[in-house]
Amino acid sequence: MSLNKDRRIGRHAVLLLLSDNPVEQLEKLKQENWIGCLGKVGSMDAHKVVAAIETAAKKNGIVRSDVYREMHALYHAIIEALQGITRGQVQIGSILRTVGLSFAVLRGNPYDSEQEGDWIAVSLYGTIGAPVKGSEHETIGLGINHI
Amino acid sequence: MSLNKDRRIGRHAVLLLLSDNPVEQLEKLKQENWIGCLGKVGSMDAHKVVAAIETAAKKNGIVRSDVYREMHALYHAIIEALQGITRGQVQIGSILRTVGLSFAVLRGNPYDSEQEGDWIAVSLYGTIGAPVKGSEHETIGLGINHI
Amino acid sequence: MSLNKDRRIGRHAVLLLLSDNPVEQLEKLKQENWIGCLGKVGSMDAHKVVAAIETAAKKNGIVRSDVYREMHALYHAIIEALQGITRGQVQIGSILRTVGLSFAVLRGNPYDSEQEGDWIAVSLYGTIGAPVKGSEHETIGLGINHI
Amino acid sequence: MSLNKDRRIGRHAVLLLLSDNPVEQLEKLKQENWIGCLGKVGSMDAHKVVAAIETAAKKNGIVRSDVYREMHALYHAIIEALQGITRGQVQIGSILRTVGLSFAVLRGNPYDSEQEGDWIAVSLYGTIGAPVKGSEHETIGLGINHI
Amino acid sequence: MSLNKDRRIGRHAVLLLLSDNPVEQLEKLKQENWIGCLGKVGSMDAHKVVAAIETAAKKNGIVRSDVYREMHALYHAIIEALQGITRGQVQIGSILRTVGLSFAVLRGNPYDSEQEGDWIAVSLYGTIGAPVKGSEHETIGLGINHI
Amino acid sequence: MSLNKDRRIGRHAVLLLLSDNPVEQLEKLKQENWIGCLGKVGSMDAHKVVAAIETAAKKNGIVRSDVYREMHALYHAIIEALQGITRGQVQIGSILRTVGLSFAVLRGNPYDSEQEGDWIAVSLYGTIGAPVKGSEHETIGLGINHI
């Protein structure tokens, strides 16, 4: 059940966000049988970040919204990614900070074994800081779950 | 005090780890006036991860070990990066999991304004999972602090 | 100061919630000198869950609202029960999820020794999930405190 | 994707532990197409609690140890159950307390829809307290995950 | 049930630690019907900090070790005080830091109303930092509970 | 890089709050080359506590609002102080409690070595409890950061 070196789902999901040309990169990944999408969200409400990612993933057919196990897998991957973003408590505006994030969701099997089935990765990259222009630094998060 | 697009310290620190040729990449960064180092650590003890990064950063002259404010800045950046890795509690072996990580430490000014002085970024990338070969998935973390 | 096998307050409080006939069960417990109440609350706001339980406990004479030590004991038991429900951060709607819970509060001495005086148990059982019908799974929590 | 009232996996998993005759109860559940096991573990080390449950689940064929997605699902269900037990930080002996727990692991589909596939529930019930006989109160935890 | 201005238990417990002459201060408090004790502990193990405070409180007759409700009240007050010391996760050596603390435990009724009975305050003051001399800053914590 | 016994920034910041005459005390500290301010804030919103302290610190020239590294240092000191106040999750009204706090911010070098430069301490002292008069106990928090 080893991770396949070429199919490291987390690495792909993060490189997408850091790429100078994420749309083109995503196209390449799709040709390698990954399903994925990209988006952006800025908010002081953590629940709006969750909602933006869920909506994008549903619209792009990455998860089926009528199958709870898929939504459950995605939700936990998002919350885990938010842990990296918020580093301590999954709170944004309630402790007077704001985020501006781009996100990627990627679905596929990163393991050598077919038995492992699909996994999902949610990556987040952007800035976090005071609600004052420029008073911010970068932040990153990655959540991975079986789906 | 805006972030300089070409000097996004967190992005650089993460790309280093995901690069196919991190040593060469680090050399390029040094030519652009960044100070930095790379390393690897695998452990079930969070304190060994902290120690490995601190030792590397001291040895490579990224922080001065006799100036507590520098060590303090580095320590908090490491703990924040570990939050992304562990996603919930900064514990590894005590809840029966293990990590295999590569890390980068980068120091420099990511802002347009010279007044902002130096900042430090600690990036971590690798796998987390059960202490059984292959029972693991990827994980990433980034901590940024003023120094 | 051993726990009395027949007077395990936490077990009673949880069985009440899982019973097919909780009201009848509560009557039986009252005959064995327990004080208790039952209720239901559905919300995306954690503070509304806290308030619903506090109100029920006060109305039913389980705690005296003019004695802070009793309210303090109850409050901490509620927050501990919410930890089991939320598993990680005591947040509901702020991370885009909702709960539908039944609750029980029970008061009495679960120990052999009379010196131990009264203790309070708050049990919670129901569902947690996305604010979409059916997108939810079960969840349980128990908080116990001396009063 | 509604929860099936008769197949509430969390309720079954908790009732097993609180039953006067858990082995008999488990047999009944098996006749209704649940897969499950029971066990006990007492420890000051959280990782030993995790290991005891994982070992029991593997031995009893509830999860396949060579399929990481199954071990991953189980692991997160265990950690979530431990959140209810520890209520705040997933630590036991490191903050000078000890647990004596019975546990159940149950696998099956709690939803009406077949598409939902298998889910796993880990329930924990017992005592937590000082490492001194009798200085303890009850504690409960439940973790549920798709598998 | 207002707090009595002269009997603010937390303020007294903290001033004791910051006093130039804590022993003399404690004597004065005892004349005002407070029960209390002082001590020191340095460790990388959180459980040793807990144990040192519990032992001092028992030895000095502040809590009765054979009454679990008293030990339970003290334990939670200690853990709450440690939250202020550790600010995020109740871990010391496991994330490579060490503490040198003085502590006070104070028992009495800080409220106007006699009904409020006894409360307990645990205060901690000292330094936290790397296990290197001088690489440390101050830290404080206060936990208060009904007893 | 030892802490200077007479210049313990945290101790000074806490004593200010517990003093019968904080304004006079602050004047004395200013004569010893500390920069500082005092204030009060009562709220159920953690972000309002953060904002009140940030505003006071900026108005009194303790931090420069146009230098992000200074605001970043202050922000983290505030959040650390709030950990001591809230003991577990940095939430107030969202879990149905309220705070009434006085605060101090102090800036200066607490170390013997001039190389250590300025550090910042944020101290908080007051009450936390139910939003009902008198249903509250004391709470304290201290955050320290290099600036």
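Lettered A, B, C, D, E and F in written order, each chain numbered from 1.
As a convention for this text, contacts are C-beta pairs under 8 Å (C-beta built on N, C-alpha and C of every residue); 3 or more make two chains touch, one makes a residue touch a chain.
All figures in this text were calculated on a predicted structure; none of them were measured in a lab.
Novice: Would you mind naming the chains that touch subunit C and likewise touch subunit F?
Specialist: A chain counts here if it touches both subunit C and subunit F, which gives A, E.
Novice: Among the other chains, which touch subunit A and subunit B together?
Specialist: In this structure, the chains that contact subunit B and also subunit A are D, F.
Novice: With centres defined as the mean of C-alpha atoms, identify the chain lying farthest from subunit D.
Specialist: With centres defined by C-alpha atoms, farthest from subunit D sits F.
Novice: If I average the CA coordinates per chain, which chain comes out farthest from subunit E?
Specialist: Farthest chain from subunit E, going by C-alpha centroids: A.
Novice: Between subunit E and subunit B, is it the same set of residue numbers doing the touching on each side, over half shared, or a different set?
Specialist: different
Novice: Just how far, in Å, is the C-alpha centre of subunit F from the one of subunit A?
Specialist: Computed value for the inter-centroid distance: 36 Å.
Novice: Quick one: report the Å distance separating subunit C from subunit E, using the average Cα coordinate of each chain.
Specialist: Spacing between the chain centres: roughly 29 Å.
Novice: Which integer distance in Å separates the CA centroid of subunit D from that of subunit F?
Specialist: Whole-Å distance between the two chain centres: 43.
Novice: Two or more other chains touching the same residue: where does that happen in subunit B?
Specialist: 1, 68, 72, 88-89, 91, 94, 111, 119, 134-137
Novice: Which two-chain combinations touch?
Specialist: Applying the touch criterion to every chain pair yields A-B, A-C, A-D, A-F, B-D, B-E, B-F, C-D, C-E, C-F, D-E, E-F.
Novice: Quick check on the complex: what are the subunit E residues that touch subunit B?
Specialist: Residues of subunit E touching subunit B: 88-89, 91, 93-97, 129-130, 132, 134-137.
Novice: Can you name the residues of subunit F that touch subunit B in the complex?
Specialist: Subunit F reaches subunit B through residues 1, 66-69, 72-73, 76, 111, 113, 115-117, 119, 145-146.
Novice: Which part of subunit E faces subunit F closely enough to touch in the complex?
Specialist: Listed in rising order, the residues are 1-3, 8-11, 14-15, 18, 80, 83-85, 87-88, 110-111, 119, 121, 123, 125, 127, 133-144.
Novice: Subunit E touches which residues of subunit B in the complex?
Specialist: On the subunit B side, the touching residues are 45-47, 50-51, 54, 68, 71-72, 75, 79, 82, 89-91, 94.
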